[in-house]
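Here chain A shows up in two complexes: once beside chain B, once beside chain C.
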Partner chain A sequence: MRKNKMLTVFAVFVFGFLILPLIIITITAFGKGSAITFPIESFSVKWFVKVFTIKSFRISFLTSLEIAMLATVIALLVGIPAAYALARSGLKGKGLIKSVFLSPTIVPGIVIGFVLYQFLVLSLRVPVFIGLLAGHFMVTLPYVIRVVGSSLEQFDFSTEEAAWSLGCGKIRAFFKVVLPNITSGISAAFMLAFINSFNNIPVSMFLSGPGVSTFPANLMNYIEYNYDPTVSAVSVLLMAVTVLMMVIVDKTLGIAALAK
Partner chain B sequence: MKKRSAFVMIIPGLVILAVCLFLPLLRVLIPSLHTGEYPLSAYVTFFQDEYYRKIFVRTVKVACLTTGFCMVLGVPTAYFISRCSKKWRGILLSVSIFPMMTNSVIRSFAWINILGSNGLINRLLITAGIVEKPLKLLYTDFAIIIGSVYLFLPLMIVTVAGVMENIGDDMMEAALSLGADRIRAFMKVIFPMSLPGIIVGGILVFTGTLTAYTTPQLLGGNKNMVLSTFIYQRAMTVGDWDGAAVISLIMIVVTLAVIKGFNSLAARLDKRGGDHA
Partner chain C sequence: MAYMTLKDIDVRYDKKKQVLKGLDLEVKEGELVSLLGPSGCGKTTTLRVVAGFIEPESGVFSLDGEDLTKVPVHKRNFGIVFQSYALFPHLSVYDNVAFGLKMRKLDKGQIEQKVKNILEICGLSEFEKRFPQQMSGGQRQRVALARALVIEPKLLLLDEPLSNLDAKLRINMRMEIKRIQKKLGITTLFVTHDQEECFSISDKVAVMNQGVIEQFDTPENIYQRPKTEFVARFIGFENFLSLKKEGNVYKTEAGAVFTVETVKDGDFVAGTIRPEDIRIAGEKEDHNVLSGTVGVRTFLGKSYQYEVLTAEGKFLVSRPAEEVYEEGSTIRLYLPESKLILVNK
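Now for the complex of A and B:
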């Protein structure tokens, strides 16, 4: 098809809008002065060194990895069987149950954090870490239900029935026939759930206490009191990890897996 | 599958949701309906207070404008992506997905660097001699809106591009050969066919902006609060937990109303399209 010139110019403008701010951050990270300037006057990598010397960054980074990993794994353990049952059984009110599983998406993150803090942490005296994990579980579960669910919808269940008729037990058939066929959906769900939990801030705002704080919340706190290129350097490091991860996803699942 | 085994597979998830979401929601939010002299009086008070009402209106205004801008910028861009060669489609989709995978703190921080009093725009304007003193761009509603558009535009593009990919080139060709110009052909053929995607994108952007915390906090500051930053401020700074519960329920109700509104709009438009066919 013949390309429309106006549309091309428009798209170039939009992609410039999306990318330029991130390029500006990247350049400012290499400035020497302690104020963020663009363009930079002289080159230095000292802000990258400084990132690793800030203890609260190190601790909260590990907390975020731990929370995101645990929340995602629990969501997969709970979500995959649920998605399977929803796809496979003639259970009454299937649509309703599915919307119950997806309902955390309609509760604002800050509200999830607020009610969990009040109910679990203040009333029931549950440790803050558990409250934070519960909150992040609400972030991850809908991704598992949606992505694994759509991959089960595409699965031809007659292969599973063939396994049954050949004498394979139901549980064994699930692991030997169904699961291997939905691994790409599970991987995509894992990536999306993990990334979104790791990046989430609103859920974590209320659910932090002594020694329990997530990395993005910590970073945000840092920005509100300091304005130096350390944050630019952190951003560059995180973006580098993101690029690496996207390349891996593209090579294995295809980049469209992240567009769900 | 036996009912019992389906039940066993679903129950763990439902139990966690009940204990860690529904029960806390009910226990914290329901009492807010009965505080004060008469039922709902806390809510009446909320909307009678000028300052509170201002925050509510600002939140809805930001969400509406952000959704509008994301549609205007995102829909043509999504169309552009869907008409590219396979190779370019992959590249442009990656460029759109990359910001989505990048933390919202970083994406808001980018705009602090651009809009701040010592930021890119003000330095350019001062160097060019257009203004003498830096303009106040940061910590305004404008900053929240531009930050939110930046935050949610990729979501709109990716959602709509996914739907437009399935519309064949021949649709456009047919409209053109029947004498429509490009813009008319797009508005009459491509736009109605991709409406479901645009509606879904609209819901995601609107509810996302309505409930976003990071961007309004970093770009709006304490003077330009929205509902989500207001909840935190009421509860943590002022210690007004009942007030925070009131705002929470208002946010949930507005979110549900918006989803319902968009969906019934989609249904109505769908019906109208059906009449023509």
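Now for the complex of A and C:
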């Protein structure tokens, strides 16, 4: 039993280490003073109000939303068939192809950012928005392939064969039998991809250009010049949105879908 | 006249390993034929060729005189029951069974009538609204069967459908399958590695080994007259002795003379006999006799089973409990010519 007690203490310590900073940030967001202080001297919500008055925040937030949404949808459109093909075919270089698809999770974001900057922006001179979208697509695709792939691995392919035998053509069977059974994987992939795109800094830093910048990149910029509780307030809002999304996923699919 | 024919089918995996080697099989209309064999013998591959999941490298598959070798799965109109049942998890029992009919664009009333009818035959009427994960293995099995049968297939293919069920249910289900199969008169191919299951259900059995059919016969004939040593071993024969033909008799390498009732082509064959058919030789028997030393003795209730070590190897002999032989003693075994079966090696 002694051992268990030690474990509990350790677990509490680790959780404290993870959660305490978040609590402190949340508290500082409600401070009245113009610098981030802890503990706060008096209570106010004015920094939350300020967040919405800063125009660059508003614009970059919408840009980020747009980029994350588009990149994720494209990644799903490309990733689901790719994951299906990888799971279904007895291709020789299957392992290699899988690693190539997953490489963006292994290669540091800063490298991907730089490479894309060199290639898309300097050499090809694609418009900033398209470049940004391409970069985020690369960041999100591995999540889609990984999560949808593992969902497909649990899918019994004889179910698909059964559909064929009942007179269902291959493409139709994919929509009628395969897709409905991997929806939880697809939603999980969507969430992971979306959050990762939305939070991404290294790739966005390189690919942002005049007039187009993402929210996290903008926030970084802001912090460099202003160290006031607005940053804390933004953080709290972002956390709230993420928690809300998680709750929705948990209520509709079960959080296990994300861990799959 | 054969209804279903496989002719000279070759299948290779990855262009290397040959799984089926010139396989031939003919099935009559309404018959239930089993493919029996150890894992890796090619029985499931044969079924998948018939189903259309695998296109053979060469050979022809035809049904009712029509060459179907290159016809895709979804146009073959065969009912398939998979080992894992492969029910659609997102659909209710009713929708699972109706799936094939919807693909055929039947009108709603017709679908409903057919689904209800087959659910009734399979004893599933009360489960219509359930989902597969809410059902037991035996029930799922019946849904899978109903789903395969409702499309009125030209052929029913069963891939080890009973292997995930417990022993008692398995016996019930196989009688159920046979009953439904006979009632609908549907030609059926059944893959299994369980000989008891296969003998009890089949009109004919094809015993397979390494991509070829070793023997295609009625269950009775396979059990009583196996043609090859492989078939004999697979259905449970354990006593084998090598024989060489000399004139009208067969001789072992040591020179012991054996006569047999049945005839067999070939000079080098194997003789095999069941433990309970071996007798103890009397004074006057001078052929069909093997001497040996009694080894391990096992009491089986009504009888003793002995391991007898002979010049031809180990023989299992079953003798009534009243007759006792001590371990280490020497006995002479008599292999009656009517019970000794010759098989190809």
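Rule of thumb we're sticking to: the second predicted complex is superposed on the first by the 254 of 260 C-alpha atoms of A that agree within 3 Å, B and C clash if a C-alpha of one lies under 4 Å from a C-alpha of the other, contacts with A are read in each partner's own complex, and residues count from 1 in each chain.
The rule we apply is simple: contacts are C-beta pairs under 8 Å (C-beta built on N, C-alpha and C of every residue); 3 or more make two chains touch, one makes a residue touch a chain.
The structure displayed is predicted, hence computed values, not measured ones.
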item	value
Chain C versus chain B on the shared chain A, clash or fit after superposition	fit
First (chain B), second (chain C), both or neither touched by A:Phe38	first
Broader residue contact with chain A after superposition on the shared chain, chain B or chain C	B
Touching partner for A:Trp164 - first (chain B), second (chain C), both, neither	second
Touching partner for A:Asp156 - first (chain B), second (chain C), both, neither	second
Partner chain(s) touched by A:Ala240 [first = chain B, second = chain C, both, neither]	neither
First, second, both or neither for A:Val49, with chain B first and chain C second	neither
First (chain B), second (chain C), both or neither touched by A:Asn181	second
Vertex chain A angle, Cα centres of chain C and chain B, expressed to the nearest 10 degrees	90
Minimum C-alpha spacing, chains overlaid - chain B and chain C, in Å	9
Intersection of chain A interface sets (partners chain B, chain C)	170
Interface residues, chain C side, partner chain A - complex	51, 53, 72-80, 82-84, 86-90, 99-100, 103-104, 144, 147-148, 151
Residue ranges of chain A touching chain C (in the complex, touch as defined)	156, 158-159, 161-170, 173, 177, 180-181
Sites on chain A touched by chain B in the complex	1, 3-4, 7-8, 10-11, 14-15, 17-19, 21-22, 24-25, 28, 35-38, 78-79, 81-82, 84-86, 88-91, 97, 100-101, 103-104, 106-112, 114-116, 118-120, 123, 134-135, 137-138, 141, 170, 195, 199, 201-202, 205-206, 216, 219-220, 223-224, 227, 231-232, 234-235, 238-239, 242-243, 245-246, 250, 255-256, 258-259
Chain B residues touching chain A - in the complex, by the definition given at the top	1, 3, 5-7, 9-10, 12-14, 16-17, 20-21, 23-25, 27-29, 73-74, 76-77, 79-81, 83, 90, 92-107, 109-114, 118, 120, 123, 150, 153-154, 157-158, 162, 169, 172-173, 182, 207, 210-214, 217-218, 228, 231-232, 235-236, 241, 244-245, 248, 251-252, 255-256, 259
